[in-house]
Amino acid sequence: MPKTEHWQWYVEQFSPTELHHHAIEETYFSGDTPFQHVAVVRSSTFGKMLILDGDTQSAEADERIYHETLVHPALAAVRERSEVLILGGGEGATLREALRCPDVKRCTMVDIDGSVVELARRYLPEWSDGSFDDSRARVIIDDALAFLDRDDGRYGAILSDLTEPREDSPSNPLFRDEVFRQIKDHLCEGGVYALQASTAGVHHMALHAKMARSLRPHYRYVRSFYTHVPAFDADWAFIACSDAVDVAALSEHAIAMYVGTLRGENYFYDAETHRRLFSLPLYLRRELAKEGDVF
Amino acid sequence: MPKTEHWQWYVEQFSPTELHHHAIEETYFSGDTPFQHVAVVRSSTFGKMLILDGDTQSAEADERIYHETLVHPALAAVRERSEVLILGGGEGATLREALRCPDVKRCTMVDIDGSVVELARRYLPEWSDGSFDDSRARVIIDDALAFLDRDDGRYGAILSDLTEPREDSPSNPLFRDEVFRQIKDHLCEGGVYALQASTAGVHHMALHAKMARSLRPHYRYVRSFYTHVPAFDADWAFIACSDAVDVAALSEHAIAMYVGTLRGENYFYDAETHRRLFSLPLYLRRELAKEGDVF
Amino acid sequence: MPKTEHWQWYVEQFSPTELHHHAIEETYFSGDTPFQHVAVVRSSTFGKMLILDGDTQSAEADERIYHETLVHPALAAVRERSEVLILGGGEGATLREALRCPDVKRCTMVDIDGSVVELARRYLPEWSDGSFDDSRARVIIDDALAFLDRDDGRYGAILSDLTEPREDSPSNPLFRDEVFRQIKDHLCEGGVYALQASTAGVHHMALHAKMARSLRPHYRYVRSFYTHVPAFDADWAFIACSDAVDVAALSEHAIAMYVGTLRGENYFYDAETHRRLFSLPLYLRRELAKEGDVF
Amino acid sequence: MPKTEHWQWYVEQFSPTELHHHAIEETYFSGDTPFQHVAVVRSSTFGKMLILDGDTQSAEADERIYHETLVHPALAAVRERSEVLILGGGEGATLREALRCPDVKRCTMVDIDGSVVELARRYLPEWSDGSFDDSRARVIIDDALAFLDRDDGRYGAILSDLTEPREDSPSNPLFRDEVFRQIKDHLCEGGVYALQASTAGVHHMALHAKMARSLRPHYRYVRSFYTHVPAFDADWAFIACSDAVDVAALSEHAIAMYVGTLRGENYFYDAETHRRLFSLPLYLRRELAKEGDVF
C-alpha cells in the first residue's frame, strides 16, 4: 500500500548550508520540557536517537563510542575512584559506564532536566542499562552550579557531559573561571576533570581551542582528545584536566589493568584506542598552540 | 536555546524527482493500523494534516475546499436527498458537509479503517465537527464492497471518497464494471454518484481520463470537475455521474436555493464556484475527448 | 556506475517551513546579472525552468497556462489591438502570445534585464518561439518607469509581467498612484491594463487583494482572475483593469471570435477557460470585498 | 532582491534513509564523460568539491587529509622512492603529494578517465598544484589493468586511489587474486602497496575487512589505517601491504626524518598523526579479526 516508505525526516542543521537528513522510522516521543525540546526517534542507520533542540545527543549505534571516551580515560588515570561526579548526562549512559567500574562506590549525577531523565528511562533503557537503579547511583535533578555551591563532597573524577558553551547555550554561564575553580575544589587530590569540549573538525576547532586555553591556567595538564562520532557527523573533542596525572601519557599497562576490572566488555576503548584518541593530527595541534581569547 | 527551529519534516514524494517538504511543528500521532500508516501532524502553513501512507489526505487550512467540492455539487443536483451514502471518508468531513443539509435524514458512511475514524475523532475533531454524534449519521466500519453486497438501501447521492485506483492501491478492485453496476443499483432514480477522481494537472490527467472513460458507458451524464487543493499540491478532480441530471449544467438559481438551505456558511462553494469547478481548460477537455483504455 | 541518479536539486523555498525540491537533470546556466541571480535548469517533471533569485519564473511544462492567461483575456477584450505594450516579460513568451494575434501591428516589450533576454533567447528558445525576430517586436532594455516617462505612445493593451510588489522587491516602487496614472495615460481609449498580481491561494491572498484595492480608484472595472500554475505551486492571480470593458463579462462569442484569429493553437485558453479564470471561489470574493490599506 | 540565498543543493545519498545536503554556491561544471558523471561545485563549508556519479571525491577543505594519508605512510616506509606508481588519482592531488618528496625521480599516474584529469586541471588547479607540469610526472590515460599488463617497471610504492570494489563499481574487476599478483610483481623489493580501502565506520566496515582478508595471503604485513574525512561524512580506510616493512610500526624517528625532506608543509600528517591513523579502535580490530569471505 505505501507509495513511499520514508515520509518523515529528522533534519539536523549544522549550518544554513549543511543539512543531514535522517529518515525517521518511528517517533517515540516529541515534546517540550521546561528546558528544551526533546525527541526520541528511530532511524534505520543509527537506531534510536535522542534529539535535544534539533541536535543529535546520542544514538543507539554509536553512543558507546562517545560515552566510553568521556568516562574511561579519566577513570583509568585516577587512583581514587570511589566517588565520581557527572554533570549533565541525563540519558544515563555516562552513569552506566562509570558504574561498570567496581571501584566506584558512589556515582552522583546532576542534571537540570528531570524530564530528559524520565524520558530516557522510558524510551532509551539501553542507554542507562539499569544503572539508575544501581544502589551506587545518586541522581540529583538540579542546576549543576547550584549543586556545586551547596555540595561539599570530593570526587576522584568529575565528568562533564554538559553542552558546549556556545553563545546561546545554557551551559555558557558554566564556563568561566569561578566555576572552573569551584569544580577543581570538588576534585580529590590526584583527581581528573574530563569534559566534552565541542568539535575538533577542520572547520570548527576554534571553540574547542578556546575551551582548552581557558582551562590551562587552572591545571598542570590539560589534554585534548577526540574521536569521530558518526551520529554527530563530527570529530567530537574532550579535555582531560589534572594537576597530578597526564592522561595523554597513560601507559598501556595501566590502561589494560583498568579495563580488565570493568564489568562487561568495552566496545571502543582500550589502550590502543587511548593512543588514537590522544594522538592529535598536525592541524589540530597547530590550532591548540595558537594564542587567543579565553572564557 | 534552539539552534534551529525546524528539525522534523514531512516529505511528500510526488515522484522520485519531486518532493514537498513541510516542517512539522507537532506530531499528534504516528503509527500503523491494519490497513495503512497513519500520521497526524501540524505544519505552520497547513495546520493539522492527516497523512496516510505518506500522502496528504486533508489539511486544516483547505479541507473545506475538497469536502465542499465532493459533497455539494452532487447534493445540489439531486431532488431526493433524504438518504446519502459515503464510501470512505474516515475523517468525518464528508459526513459533516452532507449533514449540513437539513434535507438529509440519514447519512451512511462506510469506511474500512476504524482506526482512522477513531484517530480523526480524537485528533481532528474540527473535521467531523460533531457529525459522528449526529443522530442522522450511521457509521459502518467495513469494506465498501462487502457493504454494497449486503445492503439493499437506495440513496439519492453516493459520494465516494476512496483513494484513486492506482495499481498498488486497495481501491483498485473497486474500480471495475461490476462495482460500477452495484453502486448504480444503490442510487435512487434521479440520483447522483460523485467520486474523487485523481488529478487533472498537466502531468497527471491520464488516470482521471481513464476513470471518466470507464464510467461513461454506465451513465448518461459523466462530468469532470476539479479544483486546486493547495495541501495536495495538485489540481484535484472529481466526477459526477447521473442518468437524470447534468451536474455541470446546474442553474445558478438551483445552486443558490440549495446553498441557502445549508446550516452554517460555506467557505468555498456557491454558484460562481460551481461554474469555476465545471469550466474545464482546453488541455483537459482535449484529454477527456481522447479514446483509450478503461478499467 | 551511478549509485544515485539524483544528486542535484533545486529547492524552492515558499517560506522557512515549506520547501519544494525538484531534481535537476541538467544545469544550462547559473550566474548573476547586474539585477538578479539567473538559472536555467531542467527537471524531469517540469522540463526547462527559468529561476530568478531562487524563484521559479516559468517552466516548459506549463508556461503556456501562465502566458495565455496574462495575454489573451486582455487582448480578447479590446478593440484596438494594433499597439501592445509589455512591461517585463524577459523570457519572450508574453511577446510570443501577443504576436500570435495578427491584429497586433507592433508589440513593445520593456525589460530592465538584458541578460535575461539574452539567456532566454539562447537557452529557452521555445518560450519566445522566434518572436524576438518578428518585425512587429520592439524590445527595449530599460527600466519600465523610465520608459513610460519618455514614451508618448498609446497602447490598446498594456500587459505587466513584473514581479509583485513585495516589500523587498524592485517592483515595489512601480506600485503607486503616480505610476498607475502614468500607465493609464498610455492606454488607448477602450484599452485594458492587465497585470500579474501575486497569488490567490488560501494563505496568500492579502497582497493580491491590496493590489486590487489600490487599482480600483483608477478604473471603472478592476477584475481579478487566477489559475493554478503547477510549476509555481500556487494559484496565480491577475487583474484586468479598464474604464471601457468588463473583461470578466466578455461573451463566449466574442472570445471565440478572438481566439479564432490567433495563429497556431491555444493550449489552455478559450471561452470556457475564460469562464473558469474569472469565476472566483467564495473565500476569494470575500477577501476582495474587504476594506484595507492600499499602496 | 534575493528571497532565499540557497536554492541549489548537492544531495549526497549514503543510503535511501541518510542524505547530506550541501548548498551549492557555484556550479563550475556538470556533465558526463564516457565513464561517469562529473560535477565541480563550490559549497560554503567545503569549498570546491569534485563529485563523481553523485559521490564526493574530494573537497578543497580537507582533501589534504585524504591525500597525505594515502601517500605519506607508504613513502615514509620504503627505502626506494625513486619510482612511484599511482592507479587512479585523476585530480592530481595524490601526484602532488608524491612529488613533494624529492627522492621521487618519476611518478607515473594511470587514470582511465582523461576528462576528469582535464577538468581537474581546469577547475581544481589547487589539487594538482602544478604537478601535472612537473618533469617527474608521467600521466597515462588508460585502464589500470591494461597498463599493468604491458608495463615492466618496478616501483618502490604503488598507491591505489581507485574506487572501492562495490558490486556495481568499475573497480570491482580490479579486486581479485590475479590482479593482486600483478600489482605485487610491479613492486620493488621492500616496496609498499597502499590503497584506499572503503570505510571503517561502525556501520560499514565489512567491505574494508573483506579487502584486508583478501590481501593477507599476498603480503606478510597488511595494515589497516583510517581517518575521518569530513567531506566524505565517513571514517575513510586504507591498507598498507608489504613483505618487508610493517608500516604500522614505523618509528617516530623514521617518520620525522621522512617528513623533514618534503617540500612545503604538511597539513595533517606527521609521526603523531601516523600513530593516530594506525591505532585502531577495539570494534574495528574485532571486525578485522573475523574470518569471512574474500574477493
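By letter and in written order, the chains are A, B, C and D; residue numbering begins at 1 in each of them.
Following the convention adopted for this analysis, a contact is a pair of C-beta atoms (placed from the backbone, for glycine too) under 8 Å apart; a residue touches a chain by one contact, two chains touch by 3 or more.
Keep in mind it's a predicted model, so treat the numbers as computed, not measured.
*Asks:* Both chain A and chain D are touched by which chains?
*Replies:* none
*Asks:* If you average the CA coordinates per chain, which chain's centre is most distant from that of chain C?
*Replies:* Result for max centroid distance from chain C is chain A.
*Asks:* Measure off the straight-line distance from the CA centroid of chain B to the CA centroid of chain D, and report it in whole Å.
*Replies:* Chain centres of chain B and chain D, defined by C-alpha means, are spaced 57 Å apart.
*Asks:* Rounded to the nearest whole Å, what is the centre-to-centre distance of chain C and chain D, using the mean of the C-alpha atoms as each centre?
*Replies:* The separation of the two C-alpha centroids amounts to 53 Å.
*Asks:* Taking each chain's centre as its mean C-alpha position, how far apart are chain B and chain C in Å?
*Replies:* 33
*Asks:* Would you give the residues of chain C that are in contact with at least 2 other chains, written as numbers and ranges?
*Replies:* Expected reply: 5-6, 21.
*Asks:* Strictly by the criterion at the top, what is the full list of touching chain pairs?
*Replies:* By the stated definition, chains touch in these pairs: A-B, A-D, B-C, C-D.
*Asks:* Can you name the residues of chain B that touch chain A in the complex?
*Replies:* Of all residues in chain B, those touching chain A are 1-13, 21, 24, 26-27, 30, 35-37, 39, 51, 53-55, 166, 168-170.
*Asks:* Using the touch rule from the top, collect the residues of chain B that touch chain C in their complex.
*Replies:* Residue list for chain B touching chain C: 5-6, 14-23, 43-45, 61-62, 65, 201-203, 227-228, 230, 233, 235, 266-270, 272-273, 275-276, 279-283, 285.
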